[in-house]
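Notes follow once the structure below has been shown.
We call the chains A, B, C and D, going by the order they appear; numbering starts again at 1 in every chain.
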Amino acid sequence: MTVKVVIIGGGSSYTPEIIEGLVARHDQFPISEIALVDIEQGRAKLQTIEQLAQRMVAKSGKPIKVTAHFDRRQALEGAHFVTSQIRVGGLKAREKDERIPLSHGLLGQETNGAGGIFKALRTIPVLLDIAEDMAAICPDAWLLNFTNPAGMVTEALMKHGKHKQVIGVCNIPFNMRTGVAEVLQCETNDVEIEFVGLNHFIFGRRVLIKGEDRTEEVLEKLKDPDNQYSPANIVSEGWSDLFLSAFKLLPNPYHSYYFKGASMLEKSIEDYNKNGTRAEVVQTVEESLFKKYDDVTLDHKPEELEQRGGAYYSDAACNIMTSIFNDSGDVQTVNTLNNGAISDLPDDAVIETNALIGKQGPRTLSIGKLPLGVKGIVQLMKNMEELVIEAAVTGDTHYLYQALLINPLVRDEALAETVMNELLEAHKDDLPQFYKNV
Amino acid sequence: MTVKVVIIGGGSSYTPEIIEGLVARHDQFPISEIALVDIEQGRAKLQTIEQLAQRMVAKSGKPIKVTAHFDRRQALEGAHFVTSQIRVGGLKAREKDERIPLSHGLLGQETNGAGGIFKALRTIPVLLDIAEDMAAICPDAWLLNFTNPAGMVTEALMKHGKHKQVIGVCNIPFNMRTGVAEVLQCETNDVEIEFVGLNHFIFGRRVLIKGEDRTEEVLEKLKDPDNQYSPANIVSEGWSDLFLSAFKLLPNPYHSYYFKGASMLEKSIEDYNKNGTRAEVVQTVEESLFKKYDDVTLDHKPEELEQRGGAYYSDAACNIMTSIFNDSGDVQTVNTLNNGAISDLPDDAVIETNALIGKQGPRTLSIGKLPLGVKGIVQLMKNMEELVIEAAVTGDTHYLYQALLINPLVRDEALAETVMNELLEAHKDDLPQFYKNV
Amino acid sequence: MTVKVVIIGGGSSYTPEIIEGLVARHDQFPISEIALVDIEQGRAKLQTIEQLAQRMVAKSGKPIKVTAHFDRRQALEGAHFVTSQIRVGGLKAREKDERIPLSHGLLGQETNGAGGIFKALRTIPVLLDIAEDMAAICPDAWLLNFTNPAGMVTEALMKHGKHKQVIGVCNIPFNMRTGVAEVLQCETNDVEIEFVGLNHFIFGRRVLIKGEDRTEEVLEKLKDPDNQYSPANIVSEGWSDLFLSAFKLLPNPYHSYYFKGASMLEKSIEDYNKNGTRAEVVQTVEESLFKKYDDVTLDHKPEELEQRGGAYYSDAACNIMTSIFNDSGDVQTVNTLNNGAISDLPDDAVIETNALIGKQGPRTLSIGKLPLGVKGIVQLMKNMEELVIEAAVTGDTHYLYQALLINPLVRDEALAETVMNELLEAHKDDLPQFYKNV
Amino acid sequence: MTVKVVIIGGGSSYTPEIIEGLVARHDQFPISEIALVDIEQGRAKLQTIEQLAQRMVAKSGKPIKVTAHFDRRQALEGAHFVTSQIRVGGLKAREKDERIPLSHGLLGQETNGAGGIFKALRTIPVLLDIAEDMAAICPDAWLLNFTNPAGMVTEALMKHGKHKQVIGVCNIPFNMRTGVAEVLQCETNDVEIEFVGLNHFIFGRRVLIKGEDRTEEVLEKLKDPDNQYSPANIVSEGWSDLFLSAFKLLPNPYHSYYFKGASMLEKSIEDYNKNGTRAEVVQTVEESLFKKYDDVTLDHKPEELEQRGGAYYSDAACNIMTSIFNDSGDVQTVNTLNNGAISDLPDDAVIETNALIGKQGPRTLSIGKLPLGVKGIVQLMKNMEELVIEAAVTGDTHYLYQALLINPLVRDEALAETVMNELLEAHKDDLPQFYKNV
């Protein structure tokens, strides 16, 4: 039996991580081929990655074939698993998503606020195309999407895509478990968190260590400013005692944007003035990474990659593929259809949630009602996502404007219009759905 | 048959309006007694109002007895209808609700934002006491509450009160109909608006004139800045073409606070610097009104009262009482239990909605789903209200903090805590539930 | 302005009733044309009816044109209102619906049990065709369907039809009001019943007389066996004291089939042995009626028609048309989309419910939860209807079998299959959707 | 650390099975004490069981103390797990539950139909007492209830009990997995069934063998009459090809009562005429079992017990206790709160469902909507259960009558009343809640 994994966006600087993950799991997850796919503009990068991947595989001695493709449909033939980590418009587009809202005093980041909405608008149509190809070419394969904003992209795929075997992946839940492990000084594998919410808007409702409920203790410890957890790419500032006592929920780092807006904005502006946008910082990091990757003696993932930001994304994806392949039935945190798991959200919404992962994909654990203190804000965020998805598939600026206006990081009639128009113009080439009638 | 109307907060400067309304409707709604009730501190005002009311009734020649009471339970005996228009803590408390949040750059007003939340905290326990008295003394009477924030107060009464024959009343829906009548140059009575939402967060989904759907036309006309509708007490600024085209909903004037925050804040500060708080302005208006009321030759509601702000509140209340009395079954807009009328909101939520008004009280028209563009923001507001009500009845600052933090007019971790503490301290005497364990 | 009413199934023996109703309401509802439509096989009857209608109109002196058509599309041109009262397969088909189930000991009647299901299967496709024609030819017209089973037919039209301005009509709610009026010795117009449920499975939750709640009194009086209400076409047997006390709901006559199955079956068999099927009885009545109609001196609806069974159907339809035309906004009982009115039933279900009737059609009164004692049985009936509709539009016998098996009047694995096969065979010519692949 | 298991109804003939199960699992689930509890009337039996248990433990060499108690509160001290397998009124009461309905031609059995309802009425108050004791004495202990009707009893405990750590247990799901294993000739442990529904009204929606979906194959094989699965105590008759093809669900043996009523009734009467009630048959089996148990050389569970009927109940209970103790997180089928897992049923309903079992109890897998073909009938059964629970806690015959009338095994106005009155009289001594005002 052969197992083929296709990596769309294979020229990404993150790819070595997923290669490392696949090689390391080869005993339980014996794949026979890794097919890297990218677009023509990324030819040089893809070739660099392909060669590095070849060296990594060779070093491992595992019988895995590595191939590179610029024709996606060809690559998908015979695929069992497909991962997606693309960036439509590249870092140049990201730079605009970050700079333009901030220039109007609007907070946000690659995946949230006005910029995150535009990333969704550019990305969703491309993922729908991928899903269409998969439905035709490899209908039994699983798509693991970790292209951001992963929650909205997954919901768009479930609502409008032709291929329904889709799982959205994010590293935040894993990072939160790691953070809790540090705080409690225990093993990450022993940390179970009952997650409730949406991608980048997820809360931990309960922390269990080997079945013991230690939520109170974790919340207590998080009151100590030294005990914070946060991914590398976003600023962390900790949470007040009152916040932790009142909500009794573990926030995720992105919640700072929504609940600590004033200080986040200040820091964002300061940061921008010092270093430019995060996109520009990343650009430099990427260049330096690719310089390393080009080194023909390099045969492993370099340590620098871990500081790049999205650590553990690939790990999460590898774990899910392994569990599907082996019908493991272990609990992992994924983006999947709500289908009643959270009764306060629509059935056809995608939520980020714990699920048993097996051959049939994820089976969600039932959650029930949202915690009273965050019910409305989660519903608001989901509604905002629904509007973004409608905008992305229809190209209707009315939906887009509504999404921007109710987004807590915009919510101003005049600014929403201004930033919408500027971003539509800036991303013109990557948003054909909004210009189809011109 | 005798019909007795009890007016709690009878010493209010608004009372002449309701007296006028009751007198004018006497043919269809033949009441035999108006009992004015107020607290001891309001003795002078109540006496002024009582005498003015006597003169108004005398002039009309209607056989109505007017009485004044400082013992509420005594006044409630034999009551058929009870109205409530009270201000716990008086204008002094309002002044704090307005000044303290603004001093931290937080937008708001008597009924919304941090100040509105504190008004609810002070008011809800008193209304629950009134409901308890009514359940014991006049269990068949209807309570018409127009004490603000009317939606939250009504929901608190439905959830926690001993007396369930309660209807919440607001003048905004009527004002919106009047505004539309002006815009379309037709009679207010011919304007039907399908309302959807919550008190002070209501939208018009459809405008019917004699059954014809003229929603598009109204929205189009509202794009002209001269065609605005707004009550006297809040600033109006109009809505952009894009807002009106995208949402296809008639906003109410309070929506400016949520969707036009930046300019509203600027104007609020400007206004404060020029005139002080609205409470202080009203204080002056009130003094001048009572001076008029004291004039023993005055035997009608003076015109100045209409500029006071809450015009049509009493009218709305009088209409409802008349329809209940006559089992009219006409459509009026009230605050009442959702009970499934809006499927996206909890059954036990109070909504502001069209209902048939008859002897058995309101029978709500089914609404179905909220419009997609505002679903989440309405759910958020309702969730915020739920938290305020929990805080008001338990005196638990954790609920209060959650309500403040998710309120779109606060939503900052540090500011929520600061403003909460300052307002708790400022209103200490009127918030015994938060100080019971001290 | 001209107003055109199209009567599909115009050759029905009921048509004189609707003609009478339209003539009588001409002052408020000034129609200019009545177009009678029927199929070629009904040519003789249609002509008889047309001529009778001409005589009735002539006698009234109203300026109404009466026309007869065998081309439905032609008749629909310029229509404002369309009524449907058809019988696919005629009384011959009805005879099979009644005889075949009974031959297996299965209870039922024209509109319920296995026979009622097959009537739906024959009827739904024809009504969907009518809706398609209306969408193309008279898209603004209202369709008033009183073809049975009216609830299922209306739901099929709302789910699968191309024309959504549809209202389902039944005479049972009106009959229940009349029955209550008799019991309480008051005017039918003063009787308001809060209806809850489905067509032919409707309950009265509350009886109001001029706003006074007299439910208890009605229930008490119904315990007297002389105080029954029932339409002419179904047997009535009264309800036990315990039933009335326990449920505190007014049943409708069809509930006897579900709750008094044993005695109903006994009577049905007795009746069949004595008189044959109801279809055969009706056949005789019809012949005698048409003999009367042929009399060229007859210029009014003959009294015998009232004993025919479906009295007040036409009345209900005329009332609705008049209220739509005049935007009256009065409360009438119709079959329309649930859309949240009953929270225990799907949004896309059709329910029988009180609604305000105006130019925009029905606006449903919110009902909330079903009464606990009948929640499950109403949900079961609705589920059965959903399955019938699926079967009718797909021709899938699996849906049909499921519908039969869970129907409380069948619910036996072996009998469901037997009766299904016999009825499918018997109605072969009228059920093309089940034979399309043969 | 000591672990104490309390067995309420310890004098039951089933107890040796649970003793065997506890001894066999001692390595993973090292209990230190088994406390057997029974009522005074069962003294002789309890002593027999205690001595047999002592011998079984002695033979195993495990360090487990066995104690016997007639004071339940004393036995509960220090308990970690409590199982309940009681029969209020004993086999004499069961005999009435079986005989009286059948004498009126009503189908049913110990746990369903009119008899099952009365078993619930007798049992629920006793279990509520046990829960009250546990809340006071061993608040951290888990109650595993396998007293029938297990679903209703568990729901009553969750709604009205003082102790919420309750799990309902039934052997049917395990038996269905065993049956499928036989049909597919594989290991029971490899069979996963996605269960949907209620206790004794559960369906299998999907069969997975090591993650492969083999539902179609199982349904196909069940069409062969030799491939049936059924517990010993109820008659099995197989399902028609059409039933299996149309519903695409695995029925459980109790579904014969609902979908194959005619033949079941025939067999029940035949069986009764031949052997008397099942209670009487069991009486004989019990006597013979206790004779065996009294044999002082017996030190293991005798084989005859397996033919007794309830095989695997104890196994199910032992598995759950072991998984809780070890925080295993494996999937087991339990009766627990719906809490949104099935969106078509109330949140506070108890459903029979797959759940992860760990230290915090069950965490339910989300199910979503009920299959369309059985949605209504499951909702009806749940509604019936709700009414029974209301009747059991209030002693209100109106709820009881409603439950009987809508129960598909009764559903006749006159019979419901007759059987209700006869059973109320017959069980007078065990139904104090219905006689409290006499």
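Of note:
Methods note: contacts are C-beta pairs under 8 Å (C-beta built on N, C-alpha and C of every residue); 3 or more make two chains touch, one makes a residue touch a chain.
Protein identities per chain, from UniProt: A, B, C, D = 6-phospho-beta-glucosidase.
Every value quoted in this text rests on a predicted model; they were computed, and no experiment measured them.
The most distant chain from chain B (6-phospho-beta-glucosidase) is D, comparing centres defined as mean Cα coordinates.
Centre-to-centre spacing of chain C (6-phospho-beta-glucosidase) and chain D (6-phospho-beta-glucosidase) amounts to 45 Å, using the average Cα coordinate of each chain. Centre-to-centre spacing of chain A (6-phospho-beta-glucosidase) and chain C (6-phospho-beta-glucosidase) amounts to 55 Å, using the average Cα coordinate of each chain. Residues of chain B (6-phospho-beta-glucosidase) found to touch two or more other chains are absent.
Taken as a graph of touching chains, this assembly is arranged as a ring, one closed cycle with exactly two partners per chain. Across the interface of their complex, chain D (6-phospho-beta-glucosidase) is touched by residues 206, 208, 210-213, 327, 329, 331, 339-343, 347, 356, 358-360, 363-369 of chain A (6-phospho-beta-glucosidase). On the chain C (6-phospho-beta-glucosidase) side of its complex with chain D (6-phospho-beta-glucosidase), the touching residues are 239-240, 242-243, 245-247, 258-263, 372-377, 379-384, 386-387, 390, 397-399, 401-402, 405-406, 408, 411-415, 417.
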